[in-house]
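Presented sequentially are two complexes of chain A, the first with chain B as partner and the second with chain C.
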Partner chain A sequence: MTAKRKFNIGDRVSVVDKTTLFHHRTQKFTRGQSGVVTEYRPEWVIPEDEAFDPAGNGRKEPFYIVRFKQDDLWPDYTGHHIDTLETEFSESWLEPATSKGKR
Partner chain B sequence: MSTRHDGHGHGEAPGEFQIATKVSEFEILELAVRELAIEKGLFSAEDHRKFAEWADGIGPHGGSKLVAKAWVDPEFKQRLLADGTKACLEVGIDWLQPTGSGTPSDYTFFYVLENTPKLHNVIVCTLCSCYPRPVLGMSPDWYRTPNYRRRMVRRPREVLAEFGLHLPEDVELRVHDSNQKSRFMVMPMRPEGTEGWSEKQLAEIVTRDTMIGVALPAPNRKSDTKTETLVSGGRRR
Partner chain C sequence: MATMQYDKLLTKVRNLSPEERDVLDSPYTIPNELYAALRSVLHDVGGQPDTPQPYFLKEEEDWEMNAYLTSECLAWRGAWNSEMRRRRENDLGATEYFGLPYYARWITGAAKALVDEKLITVDELSAKIDEIRERLEAKKK
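Presenting the complex of A and B:
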């Protein structure tokens, strides 16, 4: 819990759109999308390592809850403009928001 | 076999032992892994029996208690919102049980999502079926279907409408996709018409669906409607 966090609550971040051979829990619908950090979550072993070593010896990273606007995630969103979605990422899946969101 | 009364199927005498006709591959796999784990000394057969007993005993009543207590006790509500895992201990739910370190998929990071007049929360796990089992028990079949999982993130207002829940335009609908180790439960708003009710009375209207976020509590609503779920192949559950 001592590692310094790269992002703060309120920061605008983008989800990295990368391929990986390893097990991960980063949904495709969030890749390349931008949102705002709303909560810190404890540091724990990332899924990429945990899948191969459930004993918890893998690399640890801080986690974050990120809030997206539904309008940004789905071009044909059928709800209302105020609707949002929150989900969680390990730090290496996030980067400072790029000015243009990728669709 | 279909017409002969040879002691199988419908011809069985009352009280005769019923034998499961088919064991799934997953059941065989579970049995094999369990036996290996016991042989290796990871846990004992008695531990396994205790885990099974625990799994049979959990249900949404724990969550109902949490919400009802929060409705009548503002200080408890603050503690619940600040540290859900810790506040659970006050109603007898220990997220470290039954193993002493939590169950393999429940972890101990529990967060309660408060509904307000301007915000409605709903939970889903798009990647699998993560669910706050210690407080809500086993998830309903529909919660685990690909249909609920992909549509709740993409077309949440339509899915809620199918459950009979229509939210006004000025209420923010916030979908929580529990894709990592956090587990969530919705704290619905206390409905009108429940003034002066006891904590026990209130708990009766806080049903499972109101804590998933697909229904709202009401004074005359004490159970969730049973929803038939079509799983792959059109089999009804």
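Presenting the complex of A and C:
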């Protein structure tokens, strides 16, 4: 059964900046940053659970690809202003965008 | 600038810049910022300063594909999954994580998984490594 997705393609989202212990796959340079959902990824066991359970009984969530502006991610970015970076998140790492980006 | 000259220059410049390190020696107390930094997952290297690296295509070697197949078989038989494998790579610690070749991280993690799952003991594993080494060295002669 597939849960209803909280976000749609084109939505502006922010990455939650929460305390983490042990295994996770949310790059620290994305914490608190805002970007746009560009792609749905299949629902799967979240890495925080999957990393400790060979049986695959962890919590499942929909995943998303989010596109960020490189200018937002790196304060000293020297590339083109239109450059972007895309990476993947499980749904609980995202919330409706709070601002244009933390910097 | 010719490639050789550039490479030489880069090596020189790279060695000029002093490496700054905070010496960590099991301190009695640490600030919260340091605790947060220490909790950063080892594989999360994005944003760390580095110099340009040469780009080249690398052929896969037999031992690398054997490491891959061993890891897949362990997953097939329910001993782990690829996220557990990544977690185990991180759990090797910084020295081994960054010191070992990519697939050596896989196979070292797999060896630890076998021990954790009680599928093999450490001394059985060592004995097997010695046996294979002897066999390979005999072949060379």
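Rule of thumb we're sticking to: the second predicted complex is superposed on the first by the 99 of 103 C-alpha atoms of A that agree within 3 Å, B and C clash if a C-alpha of one lies under 4 Å from a C-alpha of the other, contacts with A are read in each partner's own complex, and residues count from 1 in each chain.
Please note the rule applied: contacts are C-beta pairs under 8 Å (C-beta built on N, C-alpha and C of every residue); 3 or more make two chains touch, one makes a residue touch a chain.
Being a predicted model, the structure only gives us computed values, none of them experimental.
Aligning the two structures on chain A places chain B and chain C in clashing positions. Greater residue coverage of chain A by touch, when chain B is weighed against chain C, goes to B.
Of the two partner chains placed by superposition, only chain B is touched by A:42; chain C is not. When the two complexes are overlaid on their common chain A, residue A:52 makes contact with chain C while staying clear of chain B. By the document's definition of touching, of the two partners only chain B reaches A:82; chain C does not.
After overlaying the two complexes on the shared chain, residue contacts for A:74 are found with chain B and with chain C alike.
In the superposition on chain A, contact of A:23 is made with chain C only, not with chain B. Touched by chain B in one complex and by chain C in the other are residues 25, 27, 29, 47, 74 of chain A. Within the complex formed with chain C, the chain A residues making contact are 20-25, 27-29, 45, 47, 50-56, 74. Remark: chain C residues 39-41, 44, 46-47, 78-81, 83-84, 86-87, 90 touch chain A in the complex.
The touching residues of chain A, when paired with chain B in their complex, are 25-27, 29, 41-42, 44, 47, 63, 65, 67, 70, 73-74, 77-80, 82-90. Of all residues in chain B, only 109, 126-127, 153-158, 169-182 touch chain A in the complex they form.
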